[in-house]
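Look for chain A in each of the two complexes below; its partner is chain B in the first and chain C in the second.
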Partner chain A sequence: MAPALINANPIVYEKKERPARIRQPGDNGFDEYAPELIDQLEIFEHIRDIKDPEHPYSLEDLKVITEDAVEVDDKRSYVRVTFTPTVEHCSMATIIGLCLRVKLMRSLPSRFKVDIRVAPGTHATEDAVNKQLNDKERVAAALENPNLVDMVDECLHPSYE
Partner chain B sequence: MKRLSSKRLEDRTVHSLIGFFSDRLSDWRALHGVLVGCLALMRRKSDTGAISSSDASVVARSFMENLQVQSYGQQDRKLCFEILECLLDSYFDAALTLKDEFIYVICEAIDAEKDPQCLLITFHLVELVALKYPESSEELTSYAEDLFNILGSYFPIHFTHPKGEDDVKREELSRALMLAFASTPLFEPFSIPLLLEKLSSSLPSAKIESLKYLSHCTVKYGAQRMLKHHEALWSSLKDSVFTSATSSLAVGPEHQDNKIVAEALILLQKLIQQDNASFLNLILKDVEIGMSLKTLSNYKSHDDISEPDKQRLNAVGQILYVSAAASAASCNAVFQSFFSGLVNGLGSMTLDEKPHFGYLYICVELLAACRTLVVGPSTTTYPESESWCGILHGICSSLTSSLVKSMKESTKDVDSHYSVKGLRILASFPGNFMPVSKSTFENILAEFISVISLNFNNTSLWRSVLNALAEIGSYIEEYHDSEKMPSFDVIVVERMVALLSSDDSTMPLSLKVEAVSEIGKTNLKYMLKIVQELNKAICTSLHEYWLDGNSKSAERAMLLLECYSVKVLPWFDNIEVTNDVPMHFALKIWDEIQVSTIFSNSLKEKKLLEITMNAMKHAVASCSEVSQSLILDKAFNILSSSTSFQLDEPVQPAEYSCRDEWIISLFDSVITALHPKTHLNNTNQILQILMRALQNGHVPSAHALGSLLNKMPVKDNKLGADSDAQFCTLEEAIDITINRYISDDNNEIGVSNLKSSNVNDGLEHVSVHGIVGLAWMGKGLLMRGHEKVKDVIKFLLNCLISNESIDSSAVCQDMMRAAADSFGIIMSDSEDCLNKRLHATIRPLYKQRLFNMVMPILRSSVVKSDSPITRSMLHRALAHVITNTPLSAIMGEANKLIPLLIDGLTILSEDVQNRDIVYNLLLVLSGILTDKNGQEAIVENAYIIIRCLNKLVFYQHMMLVRETAIQCLTAMSELPYATIYRFSTEVLQTLSRALDDPKRSVRQEAVKCRHAWTKISS
Partner chain C sequence: MTQMEEERLKLTEVQTLEGHTDRVWGLAWNPSTGADGVPAVLASCSGDKTVRIWQQRSPSSTSFDCKAVLEDRHNRTVRSSAWSPSGKQLATASFDATTAIWEQNGEDFECVSTLEGHENEVKSVSWNASGSLLATCSRDKCVWIWEVLPGNEFDCVSVLQGHTQDVKMVQWHPKVDVLFSCSYDNTIKVWAEDGDSDDWSCVQTLGESSSGHSSTVWALSFNETGDKMVTCSDDLTIKVWGVDIERLLSGDGTGSWRHLCTMSGYHDRTIFSVHWSREGIIATGAADDAIRLFSESEDHSVDEPSYRLLLKKEKAHGMDINSVQWSPTANRLLASASDDGTIKIWKLE
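Let's look at the complex of A and B:
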């Protein structure tokens, strides 16, 4: 028998529309050399399509992450993502966090420091999870585990399409 | 087996054969062969010896006794059905002798059939049964229910599995079933309830299907039988219309995006047409519709109505429209019960000063309905005795005035939009249709015109009124309405023309031009009138501009000319009537130039000249050969009368005044647009003049020269040698033009001559202009496939290469760049000249030919050259050639080209100025990468490609280059593992830096690409 699901029946929220970024008016206004800073939306684009480890929905569908939960400072090379597990005792929280971290690790320049945390008050063992997710050694160790890596890769797959 | 259907066989042979086959039907082991044999025999035509009726009944009997159709395989079942079909079709007498047993056998055979191909025959079988047996016959009546039960279970047709390739289409099946359903009225007691039941299902496709079937059956079953279902039909019809109507309000026979509604309305129309009174009464007395109409006064304005209410309103409107439009009698009934109430409601807003959108909408809907009755294709006489005409006549004027009022006063766009629609419908009744009088028509037109000339600030209203006017105009044109034409002429067209010529600046010119051209498009007569006025306006504004460089009149002229070349000329191209409009236009402009001899010297507006040239080109291009020569003569006269174009002056470039510039440019435009067959006088002089202009760096002259060389006849046999001296052949033309630069005996000297003469005279740019001119001429020659192009190319190549001996001063560099770019000119398509619209002679595959000609030379010289400048210039030329050659030609030589291409990318990317060339080259590379034929060449050169791409990922001058480079890398990751795995570390390093690119889209590509490459390395 398959192990029981932690949250068998999650609420699926309606997705926000994805408006295309407003281009600079006309091609003439396009400045070849002006840098476009990495911003909230860009980070969110990277992680919104990650699949939930349990369900065939994306993290955005389940409101585990929202655009507002991303803080970014390009100049100081700092990103913080705060995510909200669907239920308080969700044991998948660490997996979700790991997925977020791996995806951002692969998508952001190496200068960035990535901080992943559970939203305060939404998880039973909040501190433990946070500690685990931001401990380099433990993340590295987790990524040595082929089962975990497979699982993470499966979750990340939709976000590359 | 028996496949020789056309061979004559004796009756006896046929008889014994069929006897044999029908006997063997009992042998299940030989069944397939026997079935094929039977079928072949039965399908024989009587002229080659067919089986007799008695034989057929033997077959049928044996069939009935021996076959258990449903237990066979699909192929055999199909054959069985075909035999039955054949029996019914050709040997019905035989079938009839078997009485009801035969139908029983059919029922048994087709019961629970599942294969779509067999089903198709099955349905046809049932249809045949129903058709062949007389309606009253005992057999059919007794089996109707059974037959229908078998059929009914298939409805609605719905495939649960995805279709195979050669499977029967769903539509086909559904159609066959529909025909079977409707084949006999005897099915009516069973089919209608079934269909109604399916109609209430929630599956949209089932709804559409059942509505379709119902409309078809209604016609087939006849009014009598349908009568008892009317109430049920109406209620479910109403339901489906009300629930699935969209909330966007449609008027009249507009396209319904909802298929259910569309089908329902068709059914409604059929029902009403079949049986006027009773069904219509249902509608008229319907409580829900009555309620909706009563509450119309609540709907003040389109935007205030809630979505469900809009849906409801649309449904009611559509139902009423269809019912009124179904027939004259139904129209009478609908008008009698509703119309005057509606108009009163609409009129009542004059009292309480509020728009009544609900009334407005339904009124417009009904108007549209009665118009379809009047202008329908079948009606030739207008049913003025019908009572609805009377009603309409009675309230026409009040209706018009309320509509006008609501058009003007309503603040919301949508509301006024509907009023305009209503007025438009009123105005487009035929002229001899009495209820809508001529004065009403004129009244409406006058109101529209006043909106056009005064209310231009309200753009949406303005546009819809303009559209309405154009539609009325084209309606009058279409029906040759002699009564309305004069009023339209006077009220609309005259006013429009006046609008154009008037100087008042309250109304923006762009709007005026738009209005005028829209109206003109409706009718040739109007267009001619308008064109006259346009010509006049263009000339005056050009004139004013030339006199004092007035920027306002320049703008005016630009707008008018733009309208001319974008709207008017294409319109004339499309109509078949031959006309001189373009010619008159061209001549008029030349006249204007001739007359105005004083030009202000401060004419800065280059754009106006460009637009004028463009209009001139298009005008001349659409003229016939004869008119072209007329224009050309005129232009040449003006040209030669101007002093600065005299040929006897010393050969040195003259400074052109503004007027000269205009004259020569427009002259070039004329030349560029000529037909190949147009007769040219004074070719010699023209060529001389153009060559002079060319030395001044006048690019349009280069275009003209190129076009001339492209189109001139090779040798004119008719005129022979003793033709007038001013005429010359292509060879002579080449002598005059090209050979001035290239002397045949020694190219090297030609080049150095060119150079040294320039250096001596201190005229740095002359040589560059010469090269540009040569490029255009070369293009003209290349496109017609003339041999001389080789010399031109050789010369250009020499310009590129032979520089090594001479110092690489700035002059030489300019020249080399020009020579390199000339390959771009030769290879690329141009908007300005030498294209299809301007009648160029274009041989197919000319680009490939040049590619094959130039490539080997360029390749070897790249290898030979050692000066960096020459090398980069050579690559520049090469890049031009490669990017403009069709990809398929490149593919053939991909293996040899790729190293060159990569080399070129590396060298060219060092200079910022080359960034567009780099981008185009990169696109070619990505084209090779994505083509499956290019794989091999890519694999062989993988290393250098990846090294080059890795560099281009950081090409700081152009985002698109970086983006494309990364995309190419992504495409490379698809190559065989063995080829690319060793590059993965390098590529991943590059990409991790690219993640920090300043541009977002590059970063996104980098993420994707990195993912693709990580998969390889892990």
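Let's look at the complex of A and C:
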């Protein structure tokens, strides 16, 4: 028997229309060789289609992440993603956080430092979840667990399409 | 070192060692090498499940070659390694929940023993000063003490419970058989043997209420005399602790460590590694890719030493620095290991 769902009836939000990516000219006018800075929307595009571990919806559909939840400072090679679990006791929070971390690890240049955290006040054990998600040794150990990797890969699959 | 000399110090990269195919977690210099005409030997361990042995080309050279790859023994990340005091054996701690003991046989290293018992990932391993005891620690919150017996036998003499979370590192005191462990539970624990019963127990916990750390404590290191200990943490600080060394050596006062000072405001991201050199320089390796060196200020009182930043090497690696280790000899070589898969050898001049 399948285990009971943590959140059996999540609210599914209507997606905002996706604007076509327009290349912003760099500081040097239209110098096509100027490095293109990685911005909020680019980071959001990497993670918006990650599937919820329990539901056939994306993290964007469930408003687990929004564009505003992404902070990026390309010059400092820094990204922070703040996600909002669907319910306060969501035990899937660490899996969702792990998916976000793995996707960004695979998509961004290695110079980037990534912090993943639960939105303040949205999870009963947010300090514990945040600490675990940002302990890279525990993340590394988790990613050597084949069951967990399968779960993460399944959630990430739609985000590569 | 005088202040004048300190101000002219430079940390120069002398070599980048490549070969690992995943992040490099740990480094260990062989204590029996690097002096008296014996080329220095360094072990590195990695997420690629192997350990590499690097040897100095000649005693005066700053070039190292990979002499051996220890593989096919651990089936998960090798998190840390430690040489026995004689330099004859290397212990390797792995996420596969085992610790392996290796011995050099001609050019090759051979696994001569495997220590099992931890429930999950082994994070760290340490030999005591005489080489008669070995300690391991794990995510299972336990610290194990093993007695080293003839014939490559290792007998578990104690399973120490007390930490409430993942134990990150174990380290024996350099002079007496007192063990230190630091943990994800933000504390450092001091373990000593009861005089009569041969039982080991926690004699002191250095936590937030005793001016300790407010997040994961990743590593600790002792100065040469063993009267001071430095710890580093996810709370972005390093802390120095002191003890009355005379009392400690006499077998008393094992649990009387006290906080001496906190260095905050120097690090921007998690500090994974801290190591105290023989000549008193503290090196740190952090998740901001930088190496920093600190030394004790000259103008201080004995009770409250203060430390100052000697230099900061920005972008020492392309990614997080997981380990910094000074060569045990006086050659002023520092090795660093990184998520970028490389090891770098630095010379302080």
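A few comments on the model shown:
To be clear about the criterion, the second predicted complex is superposed on the first by the 151 of 161 C-alpha atoms of A that agree within 3 Å, B and C clash if a C-alpha of one lies under 4 Å from a C-alpha of the other, contacts with A are read in each partner's own complex, and residues count from 1 in each chain.
FYI, contacts are C-beta pairs under 8 Å (C-beta built on N, C-alpha and C of every residue); 3 or more make two chains touch, one makes a residue touch a chain.
Quick caveat, the model's predicted, so the values are computed rather than measured.
Within the superposed three-chain model, A:Tyr160 lies in touch with chain B and out of touch with chain C [touch as defined at top].
Of the two partner chains, neither chain B nor chain C is touched by A:Asn9. More residues of chain A are touched by B (comparison of chain B with chain C). In the superposition on chain A, A:Glu42 makes contact with chain B only, while chain C stays out of contact range. Touch criterion met: A:Asp135 reaches chain C, while chain B stays clear of it. In the superposed model, A:Arg111 lies in contact with both chain B and chain C.
When the shared chain is aligned, no partner comes close enough to touch A:Asn147: not chain B, not chain C. When the two complexes are superposed on chain A, the residues of chain A that touch both chain B and chain C are 110-111.
On chain A, the positions that touch chain C within their shared complex are 110-111, 113, 131, 134-138, 140-141, 144. Partner chain A is touched in their complex by these residues of chain C: 23, 47, 76-77, 79, 95, 120-121, 123, 139, 166, 168, 184, 215-216, 234, 269-270, 287-288, 318-320, 339-340. Chain contact summary for the complex, chain B toward chain A: residues 956-959, 992-993, 995-996, 998-1000, 1003-1004, 1007-1008, 1010-1011, 1014. Only residues 21, 32-36, 38, 42, 45-46, 106-111, 160 of chain A touch chain B when the two sit together in their complex.
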